[in-house]
Structures are given as C-alpha cells and as structure tokens.
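Chain naming follows the written order as A, B and C, and within any one chain the residues start at number 1.
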Amino acid sequence: MIRSVPRSRWFNGLYLAYLVAFFLYLALPLVVTAAFAFNDAPFPSLPWKGATLDWFIADGSEGRTGFFHDSGLLAALWVSVKIAFWVTLVSVALGCGNAVLFERLDFRGKEFLYLLLLLPLVIPGVILGVSILVFYSGMANEVARAWAVELDLFRPGTPLVVMGQVSFITTLSTLVIAARLRKFNPQLEEAALNLGATPLVAWFTVTLPWLLPAIFGAAAMAFLMSFENFNTTVMLTGSDTPLTVALFNRLREGSTPVLNAAALVLMVASALLAALVLRRGSGSNA
Amino acid sequence: MRSTGKLSLWLLLTPFALWIVLLVLLPHVQMLRVSFQVRESWDTLAFGVEQYRNFFTESYYWRTFLRTGVMSLFTTLITLLIAFPVAWYIARLARGRAKGWLFLACLVPFWASELVRTYGWMILLRESGLFSAALQGLGWVDGPVEMLYNDVAVIVGLVYNGLLFMVVPLVTTLEGMDDNLVEAGYDLGGGHVTVMREIVVPWAMPGIVSGCIVVFMLTLGSYLTPILMGGKDSAWFTGQIFTQFITRFNWEQGAALGVLLLVLSSLIVWLGLKLTGQSLRKVMG
Amino acid sequence: MAVDIDLHCQDLVRRFGSHTAVNQVSLEIPAGSFFSILGPSGCGKTTLLRLLAGFDRPDSGDIMIRGQRMNDVAPNHRPVNMVFQHLALFPTMSVGDNIAYGLKRRKVPAAERRRRIAEVLEQVGLAGMEPRFPQQLSGGQRQRVALARCLVLKPTLLLLDEPLGALDLKLRDQMKVELKNLQKAFGTTFVYITHDQSEALVMSDRVAVMRDGRFDQVATPEALYREPATPFVASFVGDNNRLGGKLLAREGELAQIALADGRAISGRLADTGRHQAPAIGDRAELFIRPESLVLGASAPGHCTLRAQVRTTLFDGANSRVEVEAAGERCYVRLPQDGSVPVPEEGSSVTLAWDPQLARVFAAEAS
C-alpha cells in the first residue's frame, strides 16, 4: 500500500513484476512497428532480412517506393497538416473565450451552458461525424435541388472534417485553459488595474502571459488529436483524404513496410511536438 | 463598468453559442429528424418509424448493438482493473524523477495515432506475426497460430487504446489524497482490503468515474480497432453506421442507428453517474 | 512496580541517510498520564510518534506497550491510535461512519456500535451529530470527532500529532483545557507532540523536551520551568533572558560570572545531571526570567546590574521593558498594577534579582 505501511516481500515482488509487464505491454506494439520499418523484406513480418532505409527513401526505381517518395501518402500528409492547423487555430481561440466565459463571468444559465460545453465528451466520435454529415451535406443536397446552387463547402471534404473535429476538440482545449485560469489569482489583475492599467491592458500584460503555457499545451493537444483522429474524420472526408484515412485504406489492401515507415515518422513527429511542449511547460513553471 | 461587463459577456457568449449550436446541437437535432423520415419516392419524405422497426426486427442490428454495449462495458472494467495498480504506484509509491518518467511512459504510446497502435497489434498477433513466430520458436506449437480476428484481440486493442485515459484521471485524484487518510485507516484497525474498499476507492471515485466514462465512450465509438482486429463475427455497431452512410447511402437508416447508439451511450453514462452519486460537472469539468 | 507502565522505549534510533532523526531515545510513560514531547520543528518528534504508531520502523531499539514488544507489529494491530495533524477524517463518510470505522474492523455488532458511537459523541459534546459530514463541521468540532474516533476504541495509548495547530488562537486555548479534561475523563494515556510550549505546559503531567533527535530533559511542566537541565530547555520553555560571560568564582551552589564589560553577576549553578558543570574561567551563561527581574528596588543579597531602557512593550499583563545590559538585550516584566513607574526610553535603570532564581550553565559549544 503506501510506503509507511509494511508490505510483504512477496507482494512487493509481484507488484514490481506487474509494473514491468504493464510497461512492456505499453511499449511492445510501438517498438515492433518501428522496428519493421527497417526490415529489408516486402512484408512487415519475421524473419528479419537485414536493415534497410528503402521504406523511407527508395524512389520507386527498383520496385520499392519509400514513404518520402510516395506521392499519395505525402499528399494525404499535407491534407492532415492543413486540417490540423485550422482545427488548432479555431478550437484554441474558442477555448480561450470559453475559459474566460465560464471561469470569470457570472450569468444566468451558466450551469446549464457548462453542461452543454461538456456534452461533446459524452457523444461517440462517429456520431459527431455522422450528425454533421447529415446536417451540412443534407443542407447542400436540399439547396442544390431547390435552387441548383452547389454548396461545395458543405460536401464531404476538408472544411467538413475541420468542423467535425472542432466540435469536440474545442471542449478539450477549453478544459485545459480553464484549469490554468482557475489557478490564476485575480488579485494580480486587480494590482495591475491599481497600478494604472486599463482592463484590456491588464488582461494582455498579466493574465494572458499566465495562460500562455496552457494555451501552448492546448494547441499541441489539439494538433495531435486532429492529426490522429479517425472516427469523426472518416465520416466526413471527401476525395482529399487525410493521412490516417489514407493509411487505413492502404492497410485494408494489405500491409507493407511503407506503412511502418509512415507510422514511425508520425510517432517521431508527435514525440518532438510533445517534447517541445513539455519543455516549455517545465520551463515556465520553474 | 456595468456596460463593459455586458459587452464582454456578449462578446464571449456569441462564439460559444455559434460553436455549440452549429456544430453540436443543430446537427444532432437534424440527425434525429432524418431518422424519423421515410422515403416514399425519390423526392417525397414522410414521418415514420420504419428505420427503428428495421432495427428491432433484424436481429443482426440489435445483436450487434447489444454486443457492442456489453463488450464496451467489459473493456472499460478491464481497463480500470489494469490501470488502477499502475496509477497507484505512480501517484503514491514512486518518488521524484521516477514518478515523472513513469507518467511520461504512460503517455508515450498516445503520441502515436490509434491507427498506428492498432497496426502494431496486428503485426504482433497475426498468423505471420511475432507472437506466432515466438510460440513456434519455443516449440509450443507446430504451425502458425492466428491470434488476430477474434473478440479477445479486439479487447486487447481496445484496452490498450483506453489505458491512458484511465491512468491520467486516476493518478490525478490519487495524488490529491493525503497519506494520513490511509494511515488513519490502518491505525484504526483496517487491513489492506478494508482500507482499499472503504477509504481509497470512495476517495478516488470521481477519477474512476471520469476515466470509465471516457474509456467507455472511446470504446463504444471506436471504429478502427474492431474493424481491423475483429473477425467476421465480431461486428461493431459503428461499422454498421458507417456501412449505412458510406456504402449503402441509406442516411435515414444510418441516422436511426446513430440515434440509438447515442441513446445507449447517454443512458449508460447517466446510469454510471447515478449509481456512483457523481455529477458530470464534477468528474469531467 | 507501583504504577503500570503503558509505554516503554529503549534506545530507539531512526536514521534517514546520514541524518539521525531519533537518537538513542528512551522513555517510560505511566498508565493514565498525559505525556508531551516538546521540541522545535525538525527535532524528530514526528518521526518518534510515527515509530510508536507503526508507520515507520526503528533502526534499533525496542518499543514495548504494556510489556509487549511492538517493533514487528503492523499499525493496524497495535493497541495504539493516532489523531493526525490534519485529523485525516474520512471525507467520504459521515461522522457516525468515521467513528464506526474502527468498531467495524473489530466486528462489533451494529446495535452495540450505535450505542458506543452515541456514547462517545456525548462525551466529547457532539451528541446527535452522527449524520453530519466532516466538511460541515467547525474546526473545533472536527477535532472532537477525530478524538472520538480513536477514543471509542479504548486504545492503550493515544498519539496526538499537533492536532491543535490548525485552530485559531482563542479556540486553541479552549481546546487545550478540554483535551486535558477529556484525557482525565477517559483515563487513556496520551502522548502529545507539539512545538508550542504553552500547550505542553498546560496539559501535560510530564514533558520531554526534544532537540536534534534526543531528549534534553523529561520532567513535570513546573520542574522544566524552574529547574531547566540544559541551556536549550531554559531558553525554549518560557521566556528567558540570557547573559553570557566567563565563570569567575563558585561559592557552594552560587556562581559568579564576569560579563563582556567586566561587571560581575551571580546566579545558582543549574542541576544539569549528566551535563558537565563549568570550571573557573570557562564560558558560562546565566538565565534569568523576566518576572524575576526587579526594576529599581534592590533587596539585601540581590545582585544588581545597570542597564539602558530601549523601549516599553505594552501587552496587558505581559507588558515588558526592553533594556540593554553589557551589549545584550533583556526583557523585564512590567507589572500593570502601578507598583512600578514606567521608565523613560533612554534612561538608565538598575536591574536586581535574587541569585537563587537565576540559573548558570556552561556555555554550549556551537
């Protein structure tokens, strides 16, 4: 149990073994995926045929096309980046506003609106995608039928994916920023006002810098969640598929080490992004 | 001051309202409406419950529905049982740097997307996979073993996906607990089991409920893992929704199935909150 | 043996790395007494208490409760209960359930349990509070629930870890008296640790003054105050003035000290027990309490010292004059009954005291 309560040697040993097993379970699939990106064989399975970088850099001249020359996957990667950029921008901006709204202002019906804010957390991702598809794509169909006007914006495609992801990522970014704002001492803002700042200046010089770590954290989280999202995205994507959907389609055709290479690139990129945020976070807390 | 207060309230309330109305509320109302529409000819629609009748009369639908619900609950329970000792260790026993590193190690797998994680499990579990090769190498089996494409594989994958979302809220609540509470539990004569049951679990309840809700929602709404790791008989309800919308283009039926899934998830979350005496605001906000 | 000994510790040692938190501590506590361990923060008193409760194990030495060795007994099997510093009331349980917790562990039947809970709540003055939750109670009420939760189990030994620290001053004074009364009423042996000397003096039958992991002195509150065994006890327990110098001469139990400016003062050599008495020429310290110093008037046999008045500190019955003598700051009690005129700041006054009331120690090498 806790350190100050005696435990038997047996129990300690078992506990430790359990923890080791747990972290092995956690690491195994990722390590294996990464390792097979370097296997010099057309399928990501044993036996090990030696190491190669073909699955990253081969240009297709010898029958192998590496990830960095795979125009389909690269295009999908670009689509993912675009989507993630817009989702991050919109959901963090909304998150800042919502956080201030719920932490600093008082108004009638606040409790109810707060429950609405949490609502997307208890709606399965697929349903969020489906409902947006039904509403907007259906609207585009109606408009096309009634007035023969094409609303391409509301057809399945990048804009609809962005809307679908914003619908729930906004809740998460709001919660991250609100948690930090809750720890803010309002007296600091009052001190700024007392020293002659206008409310707007006080906000930008005192409150916003305090929130910055949370805003960066929320942005990184939003970017990763958007980049990795599948359940909502798959319902709303059009011809320009983002990377996770493109990889999924490839995977259904059969796995090749190119998928492993793509997966490894994704992992490294996410890890770098996360490390960057953690570094910033620890730096500003010190 | 009063007028600026009003102004800032409206300035902040407007984007919130636009987001929640346009991206969450209206689409769901429309989905509900569409689910009650029956297509009589190519351009006429009437109100009707045909889609819902289909659901209850075709056993394939409701069987999958029940299966998805039960397996999601089961997955949530397993995830909780696996995550609790780990969260306990991180929150109460590990110290200093080890604590930070272990927590980070729990986060690492989630820098990879669900697709990558599922793909990793496929490489491990399939017939030509690593586990099969290892078992053959050890001489325990004669030929390749297929461990993918069954319910156990699906649960392994789903539990893996949910772990982080269980560990984090558990660590957060357990960290907030005073060691003295546990010590008082022992001091007054309690044993390991009693202290766990009477003091630790009630204290950690908000974290447990929050983790369970998130994991349950993720599992119920999961599409990738059951499709890729499940066998022919392990259909998942989200797969049927996808089929109706994307393959069959039968939006009315798909919307009805979507509404049913939403009702199921809301009902179970509501029941979970009621049974444990928690509120959504307390566990999620 | 005339009295039962509830707790007996022999040469307890607990080390954390190179730091020895509890160093060769031995003690004996008779049944039914109120025993306090008084010391500044970091002196090892909390560690000692946790050793007794079983949340920590000594590196060497024995803990005996009613003659039974407790070293290897788990905390939940010791006849010892603890009131934690922050009380550790279970927030998820009502007052009744908090008190019932220990009884349930002993498999006390429900009806009996209800009766005993009602009884103990009555005794601590909280009758009928069972359904309330700890969060709904005031600080003083929570205190009593924490006590009741332990006392209902009728432990041999009740450990209290500065439970009054979180209360405000007024309530703390009230609770001091109440704790003492409760201890008498229940007849349970209390081991109370605190850094607040007034808590220890008011409540205890005996007090151990602890410093750097050791006991400097174990005595009744009055003996601690009147006959401190070490300079540390003299300065830690109650207000005291310290005047340092060299030992000039000894006549029987009286000693003469030369201050830095050459003037001589005298006081009684302290009964230091195992500590060494100073030799002629050694550095020595004289302690004299503010209430033993007399302003102006001098009686035969008294020792006198001229001093400059710095300022007057008015504090009702505790009013004092701050003076400077031989480069050291001293405080003199200023009676508020008009018997002594308030001296002017900057004026010169004569301090007088009966040497029998002053204590002389060898200066501590530090």
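The working rule: a contact is a pair of C-beta atoms (placed from the backbone, for glycine too) under 8 Å apart; a residue touches a chain by one contact, two chains touch by 3 or more.
All values reported here derive from a predicted model rather than from experimental measurement.
A.B. asks: Determine, using the mean of C-alpha atoms as each chain's centre, which chain is farthest from subunit B.
C.D. replies: It is C whose centre lies farthest from that of subunit B.
A.B. asks: Per the definition at the top, count C-beta pairs in contact and tell me whether B-C or A-B has more.
C.D. replies: Looking at B-C and A-B side by side, A-B shows more C-beta contacts.
A.B. asks: Distance between subunit A and subunit C based on Cα centroids, please, to the nearest Å.
C.D. replies: 58
A.B. asks: Between subunit B and subunit C, tell me the centre distance in angstrom, where each centre is the average of that chain's C-alpha atoms.
C.D. replies: Result: the chain centres lie 57 Å from each other.
A.B. asks: Roughly how far is subunit A from subunit B, going centre to centre by Cα mean, in whole Å?
C.D. replies: 16
A.B. asks: List, in ascending order, every residue of subunit A touching at least 2 other chains.
C.D. replies: In subunit A, 4-5 touch at least two other chains.
A.B. asks: Of all residues in subunit B, which are in touch with two or more distinct other chains?
C.D. replies: 183, 186 - these are the residues of subunit B that touch more than one other chain.
A.B. asks: Hey, what residues on subunit C touch two or more of the other chains?
C.D. replies: 54-55, 74-75
A.B. asks: Inside the complex, what are the residues of subunit B that reach subunit A?
C.D. replies: 4-5, 8-9, 11-13, 15-16, 19-20, 23-28, 30-31, 34, 43, 82, 85-86, 89, 92-93, 102, 104-109, 111-117, 119-124, 126, 128-130, 133, 160, 163, 179, 182-183, 186, 192, 195-196, 213-214, 217-218, 220-224, 228, 238, 241-242, 245-246, 251, 254-255, 258, 261-262, 265-266, 269, 280-281, 284-285
A.B. asks: Tell me, which parts of subunit A touch subunit B in their complex?
C.D. replies: Contact set of subunit A toward subunit B: 1-5, 15, 18-19, 22-23, 25-30, 32-33, 36, 43-46, 93-94, 97-98, 100-101, 105, 107, 111, 113-128, 130-136, 138, 145, 163-164, 166-167, 170, 175, 178, 199, 224, 227-231, 234-235, 244, 247-248, 251, 255, 259-260, 263, 266-267, 270-271, 273-274, 278.
A.B. asks: Using the touch definition up top, name the residues of subunit C that touch subunit A in the complex.
C.D. replies: Residue positions touching the partner: 50, 54-57, 74-75.
A.B. asks: Residues of subunit B touching subunit C in their complex?
C.D. replies: 178, 180-181, 183-191, 194, 198-199, 202-203, 205
A.B. asks: If you look only at subunit C, which of its residues touch subunit B in the complex?
C.D. replies: The touching residues are 53-55, 74-77, 80-82, 84-86, 88, 90-93, 101-102, 105-106, 149-150, 153.
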